[in-house]
Every structure is written in C-alpha cells, then in structure tokens.
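Next come two complexes, and both contain subunit A; in the first it sits with subunit B, in the second with subunit C.
The block that comes next holds the complex of A and B.
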C-alpha cells in the first residue's frame, strides 16, 4: 500500500478534497510512526508485531450497493434501525424523527449527503494521529461504519439499534462511527458488531467518536460479538460537554485478541460520564483494554466499573486511567475493576493509574479478582444443579451486577441474552 | 438391607481439615418419621448435614449412607439432590445477581429431570437455547406463587436476589420454600428454628408439618426444645462430641431441657452412651 494506491482509491470513492487531505496527512503519520514497542507502558502486554498488518487492503465497500434498501423488517420497540456493512441491507426510521432531522445512515452515504454536518467533527477529530501507528492507519484508510446525528433538543425515548456486520471475505476492516448528540438532546443507541469468521486471521482497526453536546443525555451500548478470528485494535473516544451526561456500556464477547482504547473527555463544567465494561474471555482469547477518563473542567463526575469473566486460558489486562489536571476542581471520580476467574489457567491483571494535580478532588479506585466461591457453588449443587450449570449460573450472577447498570428493559434484556449465549457455547 | 423407604447412616466418620469431627454416627430414618437431632454447639450436627449433602470440605473417612440401595456418599451433591435428598442450611448462601425465581426454576427443573440428561450431563453438546430445558414458566410461576403464599412470603421475593438483604427469618423461610418445591424424600433441617421469632417459627413449623407425610423422612437438627413444641418428633437423638450418646422418644427432649447436656457426656472410659445421671 502506498500513497498512489490511496489516491486512486479516494478517486474511486469520489471523496471531497478536505477528506483527501486528512487521509494523506494520516498516511504520512502512519508511515513515519514505528510499531509500538513492548517497552511502551500501554503495549507491554500486547505484542504489536503479532498483529496481522499484512491484511490491510483498500477494498472498501461496494459503491453500487449503497442505495439498495431492503427495508424488510425492523425490530419492535426501536426508534430507528440500521444494518451497516459492505452492502446496506436494512434501514428504518420512525417518520416523525426523520422529518425533524434525526440522521442514522452508513458512512459512505453520509459523506455524500451530510458532509457539512460531519466535516467539523472529522477535521477536529479527537482520534489523535499521534496516539500510535494504528490510530494513524485508521485515520488514513477508514471506510464503512455509520453516522448518527440527534438534532438539538430532540429527545428520543426508544432505543436506536444498529447492527454492523462484516462478511467472511473482508479480512480487513476499518469502520468509523460518528455519533453526534446535539445540545439538550437525548438518545439511547445500541450497536451490535458482528463478523463472519473465516479460515485465517482477520484484522480490524475501527474508530468510534461520540460527541455529547451541552446538557445532552446519551447512552451508548456496544455489544461486540465479532468472530473469534479477529485481531482488533480500536480507538474509541467520547467528548462530553457542559452538564451533559454519558453512559457508555461496552460488552466484549468476541475477537481473538483486542487492544482497545476507550477515552472519555469531560470537557464542560458539570459533565458526567459512567462507563460500564464487561469482557468474557474463553479459549485462548485475550483482551487488553485501556480506559481513560480525562476530567478537563471543574465539577465533573466520572464512574467506571469494568468487569471480566475469564474461562479456559482467557486472559485480560485492564488499565484504568483517571487524569485530573490542576484546573479541574471539584472532580469526583471512581474506578472499579472486578474479575471472576473460572479456571486455574485464566489470568487477569488490573492496573489503575491516577494522575491527579488538582486539589479538592474525590477520587477512588478498587480492584478485586477471585475464583468462584466454593460455598456458593455447593449451595447451588445441593439444589440439583450440575457443576457446569452451577458455575455458569454464578458467572451470570456476577455479570448481572454490571448489566443492572444499563437502562432497564429492552437494553438489559439484550445484554443478558447475548451474555448467556456466549456462556452456553 | 436398606429399603427404598429408609435412609440408613452407618458408622459415619467425618473429618474437617484433618480433624475428626464425627466419630462413628449411625441412625436410620424411615419415610414418615421425624427424627430430632439435638446437641450442644460444636457437637458436629452441621458437620453431619454437610457430609450427608456432600460438601467437599467434609471428608468421609468411614461409613455409608444407604438410600434406594445406593451409598449416596459416593455421589456428587447435585445427584444426591436429584435423588431426593434435601438440606435446609443453617447458614444459607447469599448470591447477589441471581433472582429467587430463576434459581428456583433451575432447581425445580433439575429435580424433575428436565435440566439434566439421563447420563448426568448438564446439557447436550451443541449450543442450547436459554430456557429450553426448564419447566415452562407459567406452570412454574403458578406453583411458586402458591407455595410462597403458604409460607407467607410476599411475591416480591421472586424478583429479589437470593438471600441478598434478607432477614434471618426470611432466609429460613426461603429454605423451606425450596423444600416445598423440590419435594424431597429425605430432608435435613439444620437449625431452621434459629433466628426465627415466634410467629415465623409457627409458619415454618406449619410448613414442615404439611410437607411431612408418609413419603418423606426428616432429620430435624436443633439445639433448643422450642421447635419441638411445634413439630412432634418420633425419635430424638442426642449428639455429643461427634457421637450419638442417647436415642429415645419425645420425652428425651424434655429431659434434656430439664437438665441440660452435661449429664449426657459419654463416660471417660469407653465412649459408650450412658444414661443421664442426676446432678
């Protein structure tokens, strides 16, 4: 892959000049940035040399298929629904919302029809190129993904559901997601990421950006159940404006190995963010997550609860970072990491990092890990539950504490269902 | 010969962490009988109940527990339960995140042979849809509500997490609720009376009396006489220091109440059971 190849690809995609410039800058950054070394603190547990960068191709999504809409069915109880992938297979929206300016569409289409709305966010992207080689790669070659815009003051009660999907033929993907919730808007969006496993390793390098305008109330739920053949390096970032509130729930059920950066910037005074994370690891799957809460304004509140269940030889590393600069007075931030290890070969590591420069700050962290409680296990078995059933029940009970923090109803049910599905494999 | 309608414990010795706690316990319970097991704190009553149910910490070094021609001591705890053995725990576990109703639905389904295949495997090899091998939800809820009402448990308990924030009395009632649903053939009730006020005690005793019939045998563990005012035992055993030192009729419980356990200590020489000697 070189500059000429990228230029030809952008020609085929008929991309606007401003986007071409962004991509080429990013590509330069990609070329001059070395792979992260094992000595670098954030990459100590993931050997970047094993990531199959050779999979990167500029295949992109089939242009011709973009407008084929099969608005066959949509799930009940949602305000809008999108099936996003190389071909667009389904999209639906309550008409009242589309009239008032709600947008939910795939990236390729959005670039053509809503470039003006997206441009400021893409140009001023918080997905910093300098972060690492993979962030630069994503910024250079991203394609696919989806765009959600909730207009100012629009309060949407029912959830918005997105299913993003990649077929077996796509061994590389770099989807970009952009969620813009304008001032005083309110939305719950749930995305399920899926991919069809293939014969050999796939490489995904997605980017997610969530923008919560002043006083917006936003819930973003990601259920990641991509195939167990995927190497994933993803950069996901949220910006939370003054008095806005974000609840960000990530459920990691798939992928072979992941390196995920989740960054939340509390940018306006009184901003609030909660993050709930859960990863289920089995087989030889591994997860390396870095979550950062950056308290960039006075009186912001943050609460992170990250949990994990590891079976077999599953291993996880979780790095929770809280940054409170001098001017962020009155910050209140909590970080909790809890892991259940279901086999003697499972491993988990927890690394809290608190960088606090301000006075007048409340900041706490707690971490725990342990095996299944033998007395609880005996109790369930004494009621007739076979050992595997009893263990699974206890693991689901452990997970329930996290699921209970999601919006009640449809979202919780979906999370429960997906978790149980993975456990029953 | 152990018959289908007897539960026969013979010369049971149990150690916990290398220390022998039960030093040869024998007793036989027939269906339809209630046996009270009394003894001071630390005499080994809970050790007996845990060993009979199969807690891995309690290692059986000698003896048998025959039931349906089977030595249950060789079975894993879940199989003992499915065979019809039940233990109401002295200290029931708390499990946050598990609702009472989903737990009970699994337990009932297991006991009725729905959750488990004939060979004891938990489930078929392939993926399994949630709920496919559970008792149908409507049928289960009807039964659950009826049994909860009988124990004066508010139906809001169904959606609460198991024993999480329950009072002592609520926990014990939920143990009896489980007994009612699982319909055991032999039940061990380990100090189900402790921590209950008099009203709760009556409710629990009524529950036990209702469930006990010709098809169930009960080992009622207590160290107070109080419970026996409401549940009439056929046989009373006194356990001291890991041995049954006396066995008698209901009058034995009154004797105990009058003079305490001191008089029942086995004599220093042979450890043989002795008669109470007046102080």
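The block that comes next holds the complex of A and C.
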C-alpha cells in the first residue's frame, strides 16, 4: 500500500478535498510510526507483531457504489434500524423522526449527503493519530461504518438498533462510527457487530467516536459478536459536554484477540459518564482492554464497572485509568474490575490506575479476582443441578450484576440473550 | 508546643538543625569521583576480597553499563554517575566498643541520638554506618551465645564466607535492575544477620546509616537469613546533611526466611532532600514463613523502592506496610510486590501516601499469582491523602493471576482532608495546624502503630516535621 494507491482509491470513492487531506496526513503518520514495542506500557501484554497487518487492502469495501434505499423488514419497538455492511440490506426510520432531522445512515452515504454535519467532527477528531500506528492506519483507510445524528432537543424514547456485519470475503475492515447527540437530546443506541468466520485470520481496525452535547443523555450499547477468527485493534472515544450524561455499555463476546482503547473525556463542567464492560473469554481467545476516564472539567462524575469471565484458556487484561488534572475540582470517580476464572488454564490481569493532580476529589478503585464460590456451587448441586449447570448459573449471576446496570427492558433482554447464547456454545 | 515556623525554608532549617549538619572530612581513604573498572577493583583490593567477589563486582559493573535507566517512575535525569564518590572509608575498622569509634563520628551519632536506645537495652544489637563503612557493630551477649550473627559484610565474608556466599545475590541477582547491578559492583557496608534454627531474637537489631560527604554514594548491602522457626526484627534509619548538590543511595537488601521463620524489616527513611534513594529489597519466604516489610519514606528527593516477598513455600505469608510522605520537591515512588508461587500463601499490602505542597506520591505494586498457588489470598489497600491543591498522587497496582482458585482483592482511594473532620476538631478549640497534624497522624496510624514504641514516637515526630508549614 502506498500513497498513489490511496489517492486512486479516494478518486474512486469521489471523496471531498478536506477528507483526502485528512487521510493523507494520517497515512504519513502511519508510515513514520513504528509498531508499538513490547516495552511500551500499554502494549506489554499484546504483541503487536502478531497482528495480521498484511490483511490491509483498500479495494475490499463498497467503493461508494450503492445508492438505493432498501426499506426491508425492521424489528418492532425501535425508533430506527440500520444494517451496515458492504451491501445495504435494511434501513428504516420512524417518519416523524426523519422529518425532524434524525439521521442514521452508512458512512459512505453520509459523506455525500451530510458532509457539512460530519466535517467538523472528522476534522477535529478526538481519535488521535499520535496514539499508535493502528490509530493512524484507521484514520488513513477507514471505510464503512455508520453515522447517527440526534438533533438538538430531540428526545427519542425507543432504542435505535444497528447491525454491522462483514461477510467472509472481507478479511480487512476499518469501519468508522460517529454518533453525535446534540444539546439536550436523548437517545439509546445499540449496535451489534458480527462477522462471518473465514478460513484464515481477519484484521479489523475500527474507530468509534461519540459526541454528547451539552445536557444530552446518551446510552450507547455495543455487543461484539464477531467471528473467532478476528484480530481487532479498536480505538473508541467519547466526549461528554457540560451537564451531559453518557452510559456506555460494552459487551465483548467475539473475536480471537482484541486490543481495545476506550477513552471517555468529560469535557464540560458537571458531565457524567458510566461505563459497564464485560469480556467473556473462552477457547484460546484473549482480550486486552485499556479504558481511560479523563476528568477535564470541574464537578465531573465517573463510574466504571468492568467484568471479565474467562473459561478454557481465555486470557484477559484490563487496564483502567482515572486521570484528574489540576483544574478538575470536585471530581468523583470510581472504578471496579471483577474477574471470574472458571478453569485452571484461564488467566487475568487487572491494572487499575489513578493519576490525581487535584486534591478536592473523591477517587476510588477496586479489583477482585476469584473462582466460583464453592459454597454456592455446593448449594446448587445439593438441589440437584449437575455441576456444569450450576457453574453456568453462577457465572450468569456474576454477569447479571453488570447487565442490571443497563437500561431496563429491551436492552437488558438483548444483552442477556446474547450472553446466554455464548455460554451455551 | 513551641511556635511553628510556617514556610518551606523553616522546614528545611528544622531538618538541617536536627539531622542536616555535616562534619569536616577526615577520612582514611576517599576514592576519586566516577565509576570504572579500576575504581571497582580498588574497592575490592582495599577490602582484601576473594577473587570470586572481585569478579562478581566487575561483572556487575558491565551489567550496570549495559542496562538502560528506567523509563518509568521518578525523574532520574539529573543523576550524574561521574560526579559521585563511590567509596569513602572513614575509619580503619569496625569497632565493637563505642568508645573506640573516632571522636567526630561518635559526636554525630550522639547528636542523632543513636546510642541512647542501645544503652537503655531496647535493642539487641546496633550497627552504625558512616559513608561507605560500618564504624560500629555490637550484639548483646545473650544473642551471640545463641549463635546469632550480626556483622558487617566484610567481617561476614572473612569469618563466615561459606554461609555468606551461599545466599549472597541469590534473592536479587546482579541483572535484576540497573541499580541492583550498581550496588553489586560497588557495595560496601550494610548488615549480615544469621539467626540459627528456633532462636527468637525478642528485641530489634538496629542499623543506622549516615551520609556525610557531598556527592556521596552509599551502597550498603544487607543479607538476613532467618533459619527454621527463628524470629528477628531489623530496624534501619538514615539521615544526611542538606547539600545543594545531590547524593545517591542505592542499597540491596536480601532476606531469606526459611521454613517457619519470621522476619520483620522496618525502615524509617529520612534522607535529606538532596538524596536519590533507589533501593532494591526482596525476601524469599519458604514454607510457613512470614515476612513483614514496614517501609516508611519521609525523606529523599526521589525514592524508588518496592519491597517484595516471593512466597516459594506452602503456607508462607507476606505483609507490606508502606507509608510515604512527599512534601514540596519530593517524589516518593514506593509500594510493594508479592509473588504467590506456592499453595495456601497469603499476602497483605497496605499503603498510605500523603502529598503536601507540590509533593508527589506514587503507589506502584504487583500481586502475582503463579499457576499452582492454589487458595492463595491477597488483599491490597492503598489510600492517598492530598493536603494541597497542587499535590499529586498516582496509583499503579498490577494484578497478574494464573490460578483460578486464588482470591485477590484490591482497593484504593484518593481524597483530601475531610472538611468535616477539620471543622469538628477546630470547633473543639484546636488551631488548624494542630487539627491537620492530628488528621494526618490518624491517617498514618495503622502503619505507625505496628512499630516499637520508641520508633512510633520518632515517626510521629518526623511526620510533624514534614507537616510544618502545611497550613498558613
């Protein structure tokens, strides 16, 4: 892959000049940035050399060929629905919302029709190129993904549902997600990521950006059910404005190996963010998640609960940082990491970190790791449950504590269903 | 109480008055500054060492040169390894009679109050190190009779070479880290303790370390072996004059607790604010053994020190209590490491850090559970107290677990002094400065109370000195 190839690719995609410039800058950063070394603190536990960078291709995605709208079947009880992939198969929206300016569409289409809305966010992207080689790669070659914009003051009661999927033929993907919730808006959006497993390893390098305007109330739920052949390096970032509130729920059920950066910037006074995360690891799957809560303004509140369940040879690493600079007076931030190890070959690492430069703060973190409580197991077995069944029940109970933090109803049901599915495999 | 000075200069002058004075230099031998093979060989020659130890030192020097400076922790960029005196011999030999110690050194230790506790019979033995050498060493007769050894390393090498060599460098190998390598190359002074099986030394053994010269490097080496079922408590303290140029202190401390033994190692680190304190401390705990580190860091410019316990035998226990106080210009990067390498091992780490002014405290810790360490249990508790808006605190705990039947918990909090607490005390008529002192002492209490009375009193006094000028 070289500069000419990228230029030709952008020509085919008929991309605007400002985007071409962004991509070329990013490509330069990609070329000059070395692979993260094992000595780098955040990459000590995932060997970047094993990530199949050779999968990166430019012509693998849609190339902007698709225009026509399909309005095939959509699930009941949602405000809007989108199937996002190399070919569009479904998109639907309650008419009242589309009239008032709610936008939910593929990135390719959004670039043509809503470039003016997206440009400030893409140009001022919080996904820093300097972060690492993969962030630069994503910024250079991203394609696909989706765009959600909730107009100012729009309060949407039913959830918005997005299904992202990739067929077997696509061994590389770099989808970009942009969620913009304008001032005083309210939205719940749930995305399920899926991919069709292939014969050899696939490489995904997605980027997610969530922008919560002043006083917005936003819930973002991601359920990752991609195939067990996927190597994933993902940079996801949320910016939370003054008095806004974000609940970010991340459920990791798929992929072979992941390196995920989840960054939450509390940028306005009184901003609030909650994060609930769960990694379910089985087989030889491994997960390395770095989450950062950056309290960038006074009186911000943060609450993170991250859980891990490892079975078989599953291995999880969780590094959670709370950063409070000098001016962030009145910060209140908590982080909890809990791990359940269900087999002798399972492994887990917890690295909760506090970096505090202000003194008018309340910051706490806690971490615990352990096995299923033998007393509880004995109790269930004495009631006639076979061991496997009893263990599964207790593991689901462990998970339930996390799911209970999601919005009640449809979202919780969906999470429960997906977890049970994975457990029963 | 006497009137309290209320600014940084006053705190400095208080330290200077109590500990920070210096003696004129009247040394038997002072090596030139800098570090090279010739200098290392010279130390070995002066000490009349066996060839194996000379080779060991030279090998360590090469390892030191090859290893990179740590790219984490405190800011060490100002250390100039060529501007350090690596070896200064203040007197001809280590004395076992206080009266024979050179007059000016004796005066120094008298002024620091070191012989007092010994005279009162509160200690089982005392060692005093001045610059690179131990100038005084004594052990009460009742312990020598039972076969306890409390010596400086040179004497141990001379009289108990086999025992020394058997354990020396086994807990902390030369290549462990850059500063362990440095110590292995130029070490001098420190303590060697051997406690025979079943012997319980009921009063603490104490060592006191004093740096006097400008740009001095002190590299003591301590090795403590507690044989089966024995018990020993070692206490160390240290001070240095206040200079405008920096000194370097880089010790290596190795502890071996054999089956069922108990070692408690207490440190009250009160170096002046121009000392880089980069120390490697590690213990091996065999089956049923119990090792405790009580590590208090109040002085120094930058401290990087993480006492650790490797529990290699079933049922071994570890406890690390770490107290750090960083005032303006100080960075205390402290913590602890525990490695569970055997079943039914248990560990606790409690860390209390206090940052004042622009002081910075860092807790850095590791709990590692290796596969097969069934039913291992560990609990870590870190609390940080920030006294001023500019104060900084960091917490970096690492938990690495390979054993599904282990139970590990960790908790950390960071907060400022509670306004309600302060208000309550002041409403009872306490001036703010005393109220703050009380709250900080209360915060440190759980660690200070683990010390013998005399030391607890001393600790509280040191905290008070650090607290001077905390409120205007």
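Operating definition for what follows: the second predicted complex is superposed on the first by the 419 of 425 C-alpha atoms of A that agree within 3 Å, B and C clash if a C-alpha of one lies under 4 Å from a C-alpha of the other, contacts with A are read in each partner's own complex, and residues count from 1 in each chain.
Simple rule for what comes next: contacts are C-beta pairs under 8 Å (C-beta built on N, C-alpha and C of every residue); 3 or more make two chains touch, one makes a residue touch a chain.
None of these values were measured; they are calculated from a predicted model.
Quick one: is A:366 in contact with subunit B, with subunit C, with both, or with neither? Answer first, second, both or neither.
second
Between subunit B (first) and subunit C (second), which, if any, makes contact with A:347: first, second, both or neither?
A:347 contacts subunit C only, not subunit B.
Does subunit B (first) or subunit C (second) touch A:24, or do both, or does neither?
Neither subunit B nor subunit C is touched by A:24.
Considering only the touch criterion stated at the top, classify A:379 as touching first (subunit B), second (subunit C), both, or neither.
first
Look at A:326 in the shared chain and tell me whether it touches subunit B only, subunit C only, both, or neither; answer first, second, both or neither.
second
Could you say whether A:389 touches subunit B, subunit C, both of them, or neither, answering first, second, both or neither?
First partner only, subunit B.
Check the residue A:117 against both partner chains and state whether it touches subunit B (first), subunit C (second), both, or neither.
Touch partners of A:117: none, neither subunit B nor subunit C.
Within the complex, which stretch of subunit C touches subunit A?
For subunit C paired with subunit A, touching residues are 71-72, 371, 384, 386-416.
Which residues of subunit B touch subunit A once you look at their complex with the stated criterion?
Listed in rising order, the residues of subunit B that touch subunit A are 53-57, 76-78, 80-82, 87, 89, 92-93, 95-98, 103, 106-107, 110-111, 115-116, 120-123, 127-128, 130, 161, 178, 182.
Okay, in this complex, where on subunit A does subunit B touch?
Subunit A residues touching subunit B: 373-376, 378-390, 393-394, 396-401, 404, 417, 420-421, 424-425.
Within their complex, state which residues of subunit A touch subunit C.
Listed in rising order, the residues of subunit A that touch subunit C are 39, 41, 326, 339, 341-344, 346-371.
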